[in-house]
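Got a structure here, written out as structure tokens. Questions coming.
Chain naming follows the written order as A, B, C and D, and within any one chain the residues start at number 1.
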Amino acid sequence: MAVPQADSTRVAAAVPPDSGYAARVRGSFERQAAMRLIGARLKELRPGYCAIELPYREDLTQQHGYIHAGIVSAIADSAGGYAGFTLFPADSSVLTVEYKINLLAPAAGERLVAVAEVVKRGRTLAITRGEVHAEHGERRTLCAIMQQTLIILAGRPDQ
Amino acid sequence: MAVPQADSTRVAAAVPPDSGYAARVRGSFERQAAMRLIGARLKELRPGYCAIELPYREDLTQQHGYIHAGIVSAIADSAGGYAGFTLFPADSSVLTVEYKINLLAPAAGERLVAVAEVVKRGRTLAITRGEVHAEHGERRTLCAIMQQTLIILAGRPDQ
Amino acid sequence: MAVPQADSTRVAAAVPPDSGYAARVRGSFERQAAMRLIGARLKELRPGYCAIELPYREDLTQQHGYIHAGIVSAIADSAGGYAGFTLFPADSSVLTVEYKINLLAPAAGERLVAVAEVVKRGRTLAITRGEVHAEHGERRTLCAIMQQTLIILAGRPDQ
Amino acid sequence: MAVPQADSTRVAAAVPPDSGYAARVRGSFERQAAMRLIGARLKELRPGYCAIELPYREDLTQQHGYIHAGIVSAIADSAGGYAGFTLFPADSSVLTVEYKINLLAPAAGERLVAVAEVVKRGRTLAITRGEVHAEHGERRTLCAIMQQTLIILAGRPDQ
């Protein structure tokens, strides 16, 4: 990949201000009823990074039998939001301000995996970038890329 | 609203090339299993325009009890896609290339209504604009705005 | 246009908190050297609304002789930023967080006019929507639509 | 960076269908009068990749003395467009369908460098991702990230 990756402004290796971030994020994810409805699970969590897995189900599809763009977006959005939330203070909440997603290939296969990382964590806003991959056996296809803006609601605990 | 609305390039009043567009779009919507899963229904359809309604359900929420941004996006995306699809030829399919959505207010209330219209219908691509409103009794709150690019797959019927 | 326009959440008619908004915005626009370089001028200003005009010049073009997408974006971004800035407090600044623009038609003709309005003005963020039209004699072509997020920097005057 | 980079769907290493791509792209860039006006130059070109450099100039600034977001966008958009154009056939043109850009930090410093790569090259569309960095001496700051959709106009040579 040609785009420089070792930039010092990247925060993927940032130290989260809340050492209990993992339990806080996992608790929040479990309260997302929509993730439960579609069968998504939190697969991996690190400071500034989150991966969400979604097994294929027929009731998640659009008219051609692929996972609906809105469902693809839902896991990408949650992955981005929780990537950001790992780096937020303990007594804060996270909200999605906006995101943009490009759908590159049909979301087919045995499962989707949405991964997202924080590109910049400011005082009020955090910016993330995400990808959704479709996995089928050994094959892996990039099916969406996302760019997202989050807002940090300080002093308003998630729960 | 200050942005000029009467522009001649607007296609909301366009004559659809397929006079049977309504049945074709409704049939396609009914094959979207994801819309059925979340309880969305096609509320209104006109050439270049589509409205989708989604009653509030607890299993559609994020961690604060509002409808999940991904679900809000799903109905906005479908409304945009089907607004475009009303203007496509009978033997074509529609795919979302990309969209961007701003979430303006919590998606709370009794129901959400996503509306979308075609801003431009080209030979290969169509561009739509959408809004999602939350309704509660007489009150109506704009909770999301969307901008979307669709691709017309000519010669590949939806079914 | 089918998308409801009379929504009460629209702020185009909002009362600006700074009655001297027009002088403040015009002063800021005049300090944008980039607008001067390309020959843009502030055409119209109302609370929550801004229009910027750009006469065609050959040195603004891309390889096919149309105005470069980046220049189209520059006036759309400024129009959105100043539409928002009309509604900000006197001692604040405005910054663009992000925007997304669709280029619908070649930016040809005698001049471009970018118009933008505020869709939502929050405490920290403001969301705008914009359009760029190409004008040639009596003809008017919609050549771009934009959706933008601004941040309000309170307590940091523009100058 | 946590987002997997070695995915087989990445095309940065793709073989361009036109072995004369470099001369074709450089010729097109030189016909972009807007790039000349702002003082941008094509810094690096590889299949699926393009870097554009822009030295700081006072006449490119917004009201706070940073490079205007529209100018930042202009070089990001051109970098993305030409990254894509390296992979297009000899007798084709490239147009930007849309892009979205997040502005992460003030565009200050001695120069900006916009880099972009093709994430997916389809038959009709190509998707790119870009970054703009501000350089000052040894220091390098990520100041914008972009996601872009291009259309390939086959059979319509750029010149």
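Just so it is clear, a contact is a pair of C-beta atoms (placed from the backbone, for glycine too) under 8 Å apart; a residue touches a chain by one contact, two chains touch by 3 or more.
What you are looking at is a predicted structure, and each value in this text was computed from that prediction instead of being measured.
K.L.:
Is the C-beta contact count larger for C-D or for B-D?
P.N.:
By the number of C-beta pairs in contact, the winner is C-D.
K.L.:
What is the distance, in whole Å, between the centres of subunit B and subunit C, each centre taken as the mean of its C-alpha atoms?
P.N.:
26
K.L.:
From the C-alpha centre of subunit C to that of subunit D, how far is it in Å?
P.N.:
Using C-alpha averages as centres, the distance is 24 Å.
K.L.:
Report the inter-centroid distance (CA atoms only) between subunit B and subunit D in whole Å.
P.N.:
Between these chains, centre-to-centre, one finds 31 Å.
K.L.:
Got the subunit C residues that touch at least 2 other chains?
P.N.:
Correct list: 97-98, 100, 102, 147, 149.
K.L.:
May I ask you to sort the chain touch graph into line, ring, star, complete or other?
P.N.:
Topology of the interface graph: complete, with all chain pairs in contact.
K.L.:
Which stretch or stretches of subunit B touch subunit D in the complex?
P.N.:
Those residues of subunit B that touch subunit D are 97-98, 100, 124-125, 147, 149, 151.
K.L.:
Can you check the complex and tell me which residues of subunit D touch subunit A?
P.N.:
1-5, 7-10, 12, 46, 48-49, 100, 102, 104-105, 115-117, 119-120, 127, 129-131, 133, 140-142, 145-147, 149
K.L.:
Under the stated contact criterion, what part of subunit C meets subunit D in this complex?
P.N.:
Residues 28-29, 31-38, 58-64, 67-71, 73-78, 93, 95-103, 158-159.
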